[in-house]
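Think of it as A, B and C in the order they're written, each chain with its own count starting at 1.
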Amino acid sequence: MNQRCADIFALIREKKPLVHHITNIVVANDNANAMLAIGALPVMASSQMEVEEMTGQSDALVLNLGTPTPEIVESCFLAGKKANQRGIPVVLDPVGAGATHFRTQTVKNLLSEIKISILRGNPGEIAALFNEPGTMRGVDTKRTLQTPMILAQKASLYYRTVVAVTGKIDYISDGQRIFSVHNGHHWLTVVTGTGCMASSLCGAFAAVEKDHGLSSAAALGFLGVSAEIARKNATGPGSFHYALFDAMYNMDIETFASSLHIEVEA
Amino acid sequence: MNQRCADIFALIREKKPLVHHITNIVVANDNANAMLAIGALPVMASSQMEVEEMTGQSDALVLNLGTPTPEIVESCFLAGKKANQRGIPVVLDPVGAGATHFRTQTVKNLLSEIKISILRGNPGEIAALFNEPGTMRGVDTKRTLQTPMILAQKASLYYRTVVAVTGKIDYISDGQRIFSVHNGHHWLTVVTGTGCMASSLCGAFAAVEKDHGLSSAAALGFLGVSAEIARKNATGPGSFHYALFDAMYNMDIETFASSLHIEVEA
Amino acid sequence: MNQRCADIFALIREKKPLVHHITNIVVANDNANAMLAIGALPVMASSQMEVEEMTGQSDALVLNLGTPTPEIVESCFLAGKKANQRGIPVVLDPVGAGATHFRTQTVKNLLSEIKISILRGNPGEIAALFNEPGTMRGVDTKRTLQTPMILAQKASLYYRTVVAVTGKIDYISDGQRIFSVHNGHHWLTVVTGTGCMASSLCGAFAAVEKDHGLSSAAALGFLGVSAEIARKNATGPGSFHYALFDAMYNMDIETFASSLHIEVEA
């Protein structure tokens, strides 16, 4: 298991997948730097004038709804359809679903019209997709009736996609298996956009591995192990933020494999 | 005084106010990270499709005109009106007022149609609101006829709001008292968006304390003390930028109280 | 040569040129911080409501097509024409030209309607302007038929402007001379937006020196020397990213002059 995850990471460094992002003004820089740090290539393009053509040459598509506008949403549909035609993986990050009707409805529409490969969100965002009210406070989880593990499983079955619900422990369900990722550090919650970064990593890992349950567990484990290393070189969330990119870039395949703490249930 | 400021900061950590930002592409990431570092929750949303709903669940609203478009301006009006209805504080950062007619007029319109709780700008921006020509060079103050203290006082009386004019010494007027904040470090002027960060902090501090003259003095004192600490851990504006988030996050209530240098005149 | 480059840098610190950017959501923060670190003043404004007025008070204009939309493109034309009227330098960064028709055509249109002073891109972007297919992978060079030096020369003659083709060695042609800049570090390729930063620096250097071949060589040499210094203080691309701003800010004129490695051929 750990070795297979490490192999996926090694493949990213070898193949340098191009990951097209339609993302937001808060985290665009971090998204791109995370891709470069692991050896992937980021490209950010969100105008309807060009998203299909950009997706047409990419190895994965990441749709991130952090600061959505009607134009950006329309671009997500166009790029998503193109990705589906080409058979490349599509990651959807439903930032703030549940906080406003616009976000919730946009995510539901995308899930219904586009074949999403991986849906990555926090518990409140995933619960909101089942019309559970009051799950969010802005873009953070407030409360949910069900556990993150149950939410991952339920959403995976309902939306027929891999679902990653991230938090202290990350749960990934592909409808059959449940992966739980125990790596990480709580400073990931004191830096904005680390969830978005997780989604970007899911995109890069999915670009080189067709088992998207496994690739997502590897991606989230990678972020978790990087965070654990970064924590040792940081004195607060500011220095941690940048130590994170150093850790990703300097990650040794063996260290990664031996530090991963992932469990699987079938 | 210092203890009351420290109490407001302690209250942020306890209540974790949600601060809705309509902000710009230059500083959105920093704005969000400053909020997380002090224990508040940021949310960035600027589409007319959702700003009212997002403000409807927030504890403060920060309107930042750093890279304005007609769409963003319209969102500022919608969110501002919603905030007024709900009685939550609204901070207005008139970035670049005086540099272009679009910015100056937008700020004046917002001040006339929305009840702004705190107006936070540099001397040139505030002077421009009194039609003084030539006060700005881009988004930086060029020259003003009056001192920052007089500008704060005058704007506060004219616009009937708390006005914070920031610089080497920050002056805050609520129409009656004048607070002068002597904390800070000149490297704050070598990192973009620290003024915007000051406005975000004013929003979070106002969310938990109704005396907005005092809460703004506390917010600006907090940034100043954080800068003084960050300076000790930095070798230039790049490392200072990130040491600033570490300093905010690690701020000890007692250190904060004992480091503040604020004077008040009634 | 080296002394002349150092003199240009010294002039920036003295004159503090205002550099108007129409730029993208990925690098806006870095662009601004690079300007502040060298002593220039950045201003970011991209709405058609104000770009002409902002350019009207600036000392240089930088057009960066990193995340273009039709609105931003229209603003580039308006600001470019204003800059031409006023005779201030215009730098064009054709991010991703060759990756999509929208980008390629936009760059060609700008080059035909606006007098561009400096065109700064990677080899694939410049080759794409001669209709060479398959030069790009997202915003990175894939392959080109001609060497970067030949591309710089050819584009300079064809488009009658200074052309800087950046890479391991940077080549700048003004149609007569070819400057080659040998400073730099490969971590510049692991941080997003360092090309954009190079374009911003070209803008600031051009604002104070009319020989734009020389000023561009100085600007790229400045980034290269800063990168060499930053590398010594960094443990990966995250810490390098911020050490870069420290290095720019702390740059000693003599160190800069003695570290430059630039060759010229007439």
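As a convention for this text, a residue touches a chain if its C-beta (ideal position, glycine included) is under 8 Å from a C-beta of that chain, and two chains touch if they have at least 3 such contacts.
All values derive from a computational prediction rather than experimental measurement.
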State the superposition rotation angle between the two copies chain B and chain C, fitting on C-alpha atoms only and giving a multiple of 5 degrees from 0 to 180.
-> 120
Looking at chain A with chain C, do both copies bring the same residues to the contact (over half shared) or different ones?
-> different
So how far apart, in whole Å, are chain A and chain C when each is placed at the average of its C-alpha atoms?
-> 32
Specify, in ascending order, the residues of chain C that touch 2 or more different other chains.
-> 24-25, 29, 241-242
Within their complex, state which residues of chain A touch chain B.
-> 24-27, 29-30, 66-70, 96, 99-103, 137-140, 189-193, 234-239, 241-242
Which of the residues in chain A come into contact with chain C in the complex?
-> 18, 20, 24-25, 28-29, 32-33, 36-37, 41-47, 49-50, 53-54, 57-58, 71, 233, 241-247, 249-250
